[in-house]
Amino acid sequence: DEATTAYVTMLGDDALILGQRLSEWCGHAASVEVDLSLANMGLDLIGQATNWLGLAAQHDAKWADADALAFRRDVLDFRNCLMVEQPNGDFAQTMARQFLFSTWQHMLLERLAGSSDEAIAGIAAKSVKEVAYHRELARDWVVRLGDGTEESHEKMAAGIDWNWRFVPELFEVTEELEELVKRGIAVDPREFEADYRAEIEAALTEGTLAVPDDQRPILGGRRGHHSEHLGHLLAVMQYLPRTYPDAKW
Amino acid sequence: DEATTAYVTMLGDDALILGQRLSEWCGHAASVEVDLSLANMGLDLIGQATNWLGLAAQHDAKWADADALAFRRDVLDFRNCLMVEQPNGDFAQTMARQFLFSTWQHMLLERLAGSSDEAIAGIAAKSVKEVAYHRELARDWVVRLGDGTEESHEKMAAGIDWNWRFVPELFEVTEELEELVKRGIAVDPREFEADYRAEIEAALTEGTLAVPDDQRPILGGRRGHHSEHLGHLLAVMQYLPRTYPDAKW
Amino acid sequence: QELIDAFEARVAADEFIEPKDWMPEAYRKTLVRQISQHAHSEIVGMLPEGNWITRAPSLRRKAILLAKVQDEAGHGLYLYCAAETLGTSREEMIEALHSGKAKYSTIFNYPTLTWADIAAIGWLVDGAAIMNQVPLQRTSYGPYARAMVRVCKEESFHQRQGYEAMLALTNGTEEQKRMAQDALNRWWWPSLMMFGPPDDKSPNTERSMRWRIKRETNDELRQKFVDITVPQAEFAGLTVPDPDLAWNEDKNGYDFGEVDWEEFYAVVRGEGPVAKERMKARREAWESQAWVRAAADAHQAKRAAKQVA
Amino acid sequence: QELIDAFEARVAADEFIEPKDWMPEAYRKTLVRQISQHAHSEIVGMLPEGNWITRAPSLRRKAILLAKVQDEAGHGLYLYCAAETLGTSREEMIEALHSGKAKYSTIFNYPTLTWADIAAIGWLVDGAAIMNQVPLQRTSYGPYARAMVRVCKEESFHQRQGYEAMLALTNGTEEQKRMAQDALNRWWWPSLMMFGPPDDKSPNTERSMRWRIKRETNDELRQKFVDITVPQAEFAGLTVPDPDLAWNEDKNGYDFGEVDWEEFYAVVRGEGPVAKERMKARREAWESQAWVRAAADAHQAKRAAKQVA
């Protein structure tokens, strides 16, 4: 049904857009090891996106396959959250984003592995280990940079600050989502919001970082109302299929 | 004929790509006055590109109009020189590029205003005043930043250095061009190479800047063999017409 | 008190106050705040549009947008100059912007998501700006009023171009129509917020009206804007996203729904969707390029020294 | 001299030299130069491909390219480690790269202009690399030889993927075929340059052969590459851009034209088309992010201090 398709597309878009962002780092990290781990996370996420969007395309005859969904939609049809489309900024900002997102994604996928929809449960179960690693790695960097030098502390604080306003969106629940939760297909993120907040706070504290004040939540990504960043990302990402619509690669 | 069309397209592509680059600055300059002058130059160049590419489209039935040429070609068909596609870098790099290019463009257009092809002569005559202003403005900044502070001097030296390897391409003469020169349609840039070199050297000297050593010339733009920068510029610039091929705006 | 009475009499007689004239400190302060806020809005307002110059869909649209943004930079300049006549330097005003002390129009804290947003900004935002600014051509402070004359001429040109760009979309493909409607949905309410809080929550209105810094109240201007804009939306085949919108024969104007003032105040506090992006862009342009301004000054000093020598 | 004789005897007997073994200073220096150059090439080589990861035309191609680039980072790591066993730190090697003292493969100073370049790099550049590296699996220095075993396995996988990507283009639309041919035109000669100068201009070859650091000469390897690659180009329907290319029955190999060695030496001097871009990217990644490495060290020190306390 449409709601399930939309939900699966949302999961795929989160992975796709964050994977694309991470792939922008290629060759530009502070050390070969960091380059490796960024490429590795990017690769995991592109793989997950392929699975989720492939499933969405199976549900919806309008789209031939995962590639069609990835490369032939414009901004208003992308359902990813605003956080994943945020610019990389410096390495601290990238890791802040990764930590805030992967922690949420991990808590979600753990629970989604028990979805009543077997296909969803399957992809979630396959992805959850990868994401556990992303979460761990990003958490390490948050602590390391937070409690590193004065400069790295400032940068990590700024990175957290930049992404903080997009946390509430991760826990937004629409009527559509509530319906899916009732049917056992989706997970209500509010179930683990307290856990999430506690874990974030613990990591920030360990990194000697303050928990930022909450501001008015910025929402809209799930309904196609994105920041200005996504359009630029898509212009680059979709250039080849858009320019050569008949080509196979 | 084909050679004339290619020549006119080349002139249009130079203006288009540099205009596009300048428009990236919008809202990000060091002062409102600088923002104004960058937008002003960008606007001039987009206007010139519209005229040149409009003329090229008249010559070649394959292309409906200037927009088709601007938005429906991929890198291998762009004929602009490598210098104009170079990234903005900082303001010094932008002004170094502008000075090295506008000085050449101005010397060329002055002579092209006497082309035996009336359409070419007309557009050249219309553009030459605008470009004289670009040349002057960029020269002022080269001198000002060169002979400003130590920091600005270093940045301007780096900006000149970045763009210097693309100067020889401006004076490249192909057989095709020689043919057009014989027919009085085009101008042989070697006619004014000595003047150009003298003027550049004078400005650099006034700005207490060294004339960089020549290196192996980097060529190829006129044959569609560009740097890596142009593809990214086009992905952004062409996104809307590529994504909505049937739309009119 | 004598000075104040004389001042108020001049203002009441619709005379212009000029920089060298005596004026109450509160008048000066209010003007600096208002003019610099207006100048900042022009400058920050270049960013949402600049976001689409590189992606404009045709050479003509790119040129129009570049020219528009250039006009805005020009407006920013006149306005900074007008404010400087009141004894505050441009640097001070810019520092106040960057520190968050000075404000700019809340509208520029919303993202330009699709090309239709550029059309919507021209149509709605410049439309609302004109509504605010036309009366300011007769504002009591001379330099401000004269700046406004030039600004208004160009803004109304921008507004027409924006509406024309919108019609190109609503006469276009299904996808273009969808973009256009979506843009109206997102920009409608923020445009209404441009007139500021409702009159009963706008404590300075009365004095500003008396001093002819303002010549119409926020709610009056908002009503005018709605009355003019709704028929334009209808002509374009667009639906205004307000279920309460209805023609009211008695007042010869539209009734319309309540603006979400919570959102407005949050955006004023700096919590708008792209507020961080806007301030980051402005601060970086200013701070990371201080070297350009310093170099220009240093060069000028060197030349001056040479001429003396 | 006794030590040298013993060393040379071991090498001649195809024994591996290990880090703690005695070795001539020139052997050590040559190896550090060669291995670090190889490591730098892996790292710099991520840039031309990284240029297309964000624009890969399908999710599958994006994943393949990401995986490939990841492999290259991995190779870079093994190789830096192998070089470090010779007593030079990674920081020293990287500083040498950034100062221009150390070199990397000339091939990475050419731009990746279209998607077909990614296919061409996989096919030709990884193909040439394998040709160079396969013999190195039996090179005399143990850690280098062992690193090469892992590297070669992955490189040959990359080469097959690159050729497959090329076939997808040559079996595609006219525009794809054009891209493919254009890529071959631009990458062919630089690929031949990857084997280094001709033997008669390669003064160190003889000694390197004796020490089994090298096991085949530049010209031998170049010939092998041409003989293997030309039929692949033909199978793909592509034309090798060399008018002098001709099958030579007698030598059972291809005759081919003269490489433009002027160009090669210019690129070695750092005058390649995108040499500035490559070094700028590497320097900025390293220098502007020194704070990341510093923070990691500082954090580790703090933790160590806590554990002691």
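The chains carry the letters A, B, C and D, assigned in the order they are written, with residues numbered from 1 in each.
Just so it is clear, a contact is a pair of C-beta atoms (placed from the backbone, for glycine too) under 8 Å apart; a residue touches a chain by one contact, two chains touch by 3 or more.
Worth saying up front: this structure is predicted, and the values here are computed from it rather than measured.
In terms of the distance between Cα centroids, chain C is separated most widely from D. More contacting C-beta pairs link the chains of B-C than the other of the two pairs B-D and B-C. The mean-CA centres of chain A and chain B are about 41 angstrom from one another, to the nearest whole unit.
Centre-to-centre separation between chain A and chain D, using Cα means, comes to 35 Å.
Residue positions 55, 175 of chain D are each in touch with at least two other chains.
Residues of chain B in contact with at least two other chains: 74, 231, 235-236, 239. Residues of chain A that touch chain D in their complex: 16, 20, 23-24, 26-36, 39-40, 42-43, 46-47, 49-50, 53, 66-67, 70-71, 90-91, 143-145, 147-149, 151-152, 155, 236-237, 239-241, 244, 246-249. For chain B in complex with chain A, the touching residues are 74, 231-232, 234-236, 238-239, 242-243, 245. Per the touch definition, chain B reaches chain D in the complex via residues 74-76, 162, 165, 215-216, 218, 220, 225-228, 231, 235.
Contacts from chain C toward chain A in the complex involve residues 48, 51, 55, 111-114, 175, 178-179, 182, 186, 263, 266, 269, 271, 273-274, 276-277. Put simply, chain C touches chain B in their complex at residues 43, 46-47, 49-50, 53-63, 66-67, 69-70, 73-74, 76-77, 80, 115, 165, 168-169, 172-173, 175-176, 281, 284-286, 289-296, 298-299, 302.
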